[in-house]
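The chains carry the letters A, B, C, D, E, F, G, H, I, J, K and L, assigned in the order they are written, with residues numbered from 1 in each.
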């Protein structure tokens, strides 16, 4: 049967620069082991603060990709 | 210890017919590699539209199953 | 005074066929003891899985009806 | 500029048969005046009940389509 | 009567660069046909991925503006 | 076909007196251009404050009405 | 044992005047058959519209009261 | 017909010791008048404070059980 | 730097008359110690019931104001 | 005027033992500087894990108390 | 590149004693195959009831850990 | 006792450039009077629009820091 099945994984990416970078880092890391990535939804954004300065932007993403049957 | 641990995976199934079929397709595909599936909760439903006609029903499901320790 | 008061009850219906059947079963069962049913909102949908096959569709509904004063 | 802009409208479709029919009716009606419909997300589902019998399935959908500049 | 009435429309903007650009594109496009835009709330953010690379940032915005009576 | 289709628009009404007035103002304004209004759900309520005094009550409403095919 | 148990019921009250009246009507009706009512939380507010005029304010309330063991 | 129908009631249990005790008290009280209790979901947890000390843990639970037709 | 920073505090106001009065009481009390109040969003509304009669309307508000650096 | 105004603060308490302890620690710490604490609602619960062992239970609470005018 | 990426898995732990035990069981089981567990957020809590007695506490947790590239 | 207690405050930062700048401004302002800032979660993002152009990005953040007993 040809109906598509997608799987969704949840990752947290970080960046010292921006949430765009943080989310892209998560996608790039996932892309090394998963094929056919499709959409990455942002589900949470925060910042890590140390000595009262923002040191990292973090983006939690839900990433969908084609499910590979074993 | 005998306490049960379950794991939850998130899948998107599709069907040209109905959300029941879409969700069942997701369960059937997961069932080829996972054992002891138990409950599949619907977390999102949508339709894909092409040339102004509904071409697919999609159901996003959270599927729980017995966790297999490695 | 003639202002209408409605009560809301929450039920879970099940069906081997579809969520429409599951929800309708809940309404029909409630209709044997409650009068003037009006609207049934779907608040949750899931599927029961046994031996990796979908065996039941379940719909949780909030059902409103005219409140009968005692 | 070539960046796509989509607009989202919210409709309620009804059907005596199923939520799939109800949602499809909403898409078909919208398709008479809007072009390039793309995705229809279900945001709410309920049933209308009269004389204690389900008389209609209703699906509220958010429908996205290409925005036409005036 | 002088009480203000505002209307809210929902748009999705896209950009290859950032969610700020994506959201601004949605506002700019809306501004060609609507007057007195006021506030644009972000209600959803995601990324489109092709061949495992992020190709677009998308921002869904709710945009309020003064309602023009016909 | 006779199945009803409803459309939903989102408006913000304001009043110096109450949220009932604010919501009614939104309905009355919409009623000048839309036919067959049916239900107005409150989705958000706030107050505008100037020089530390409440100067306006605001109600955001989702208003459903019969969809007119073009 | 002296630990208190409370039960919660969900009602919809209506009034031509205000949501305060609508909610109070729900409480008063419930008070004819239930004892020791305690708190009534508003969970939804809407308005019924007929011939483009607001004809009723409706408040959905969750009402807690001391549970009477049978 | 053999399709199961479940009903859901909402209770608040209290305990000076813990939320586990609070929730169990709600289940035990319900169990005196209802049969075939099945699952109790926690929907809210709080603490009552008097003279700046915690005097009670409270758990609001949604409790499902087999519906008994009259 | 001239970028504005706002702070948000959460208060509960009460009134024997209405939620408008309850919310206004919260704003007025806050206004005695805070400057430049701007917007008060309603986040929860309930009623206190004693001897089965509504004795108070309560409104929980989130109130924003200009942040004063120390 | 005698209408009560309450303020709400948000705290995170921690404990190596339980969420009850974690929440109680938050209340006790707040009680050293705030008077007339009333209710503490749990809004989030998590666990800190180090070297794959749970080292702390954390409870985020919203704590209401009588507002003291300055 | 040294930016950290975390993955999040969702598990359900059970215990006859408490939600703390249930959640800890989920963490301990996950810890046998995953490294660098960090935080476990509680997303749902319920109780299994048999013959009208609570037989198990269940905690659904989202567990984050360092992502291991393949 | 050595158990840590954190407090959470809610701020809105603004910037003409980006939500990263807006959120960082809120953290920097808070850091002048509060010690040991730890994490800043984004809870809302919007844009201010004047004469149909985006003039400011605004980020609402919940900022946690070590609680200082008086």
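We take it that contacts are C-beta pairs under 8 Å (C-beta built on N, C-alpha and C of every residue); 3 or more make two chains touch, one makes a residue touch a chain.
Keep in mind that this is a model prediction, so the values were computed, not measured.
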## Note on the structure
Contacting chain D as well as chain I are chains F
### Task
Could you pull out the chain whose C-alpha mean position is farthest off from that of chain D?
J
### Message
Rounded to a whole Å, what is the gap between the Cα centroids of chain E and chain G?
### Response
38
### Rounded Å distance between chain J and chain L, as computed from the means of their C-alpha atoms
21
### Task
Note the residues in chain E that touch 2 or more other chains, in rising order.
9, 18-19
### Task
Would you mind giving me the full set of chain pairs in touch?
A-B, A-E, A-K, A-L, B-C, B-D, B-K, C-D, C-G, C-H, D-E, D-F, E-F, E-L, F-G, F-I, G-H, G-I, H-J, H-K, I-J, I-L, J-K, J-L
### Query
Can you list the residues on chain K that touch chain B in the complex?
9-16, 22, 25-26, 29, 32-33, 60
### Query
Of all residues in chain H, which touch chain J in the complex?
17-19, 44-49, 52-54, 57
#### Entry: Complex contacts: residues of chain G adjacent to chain I
18-20, 23-24, 27-28, 31, 35, 37-42, 61, 63
### Task
Could you please specify the touching residues of chain G with respect to chain H in the complex?
1, 3-10, 62, 64, 67, 69-70
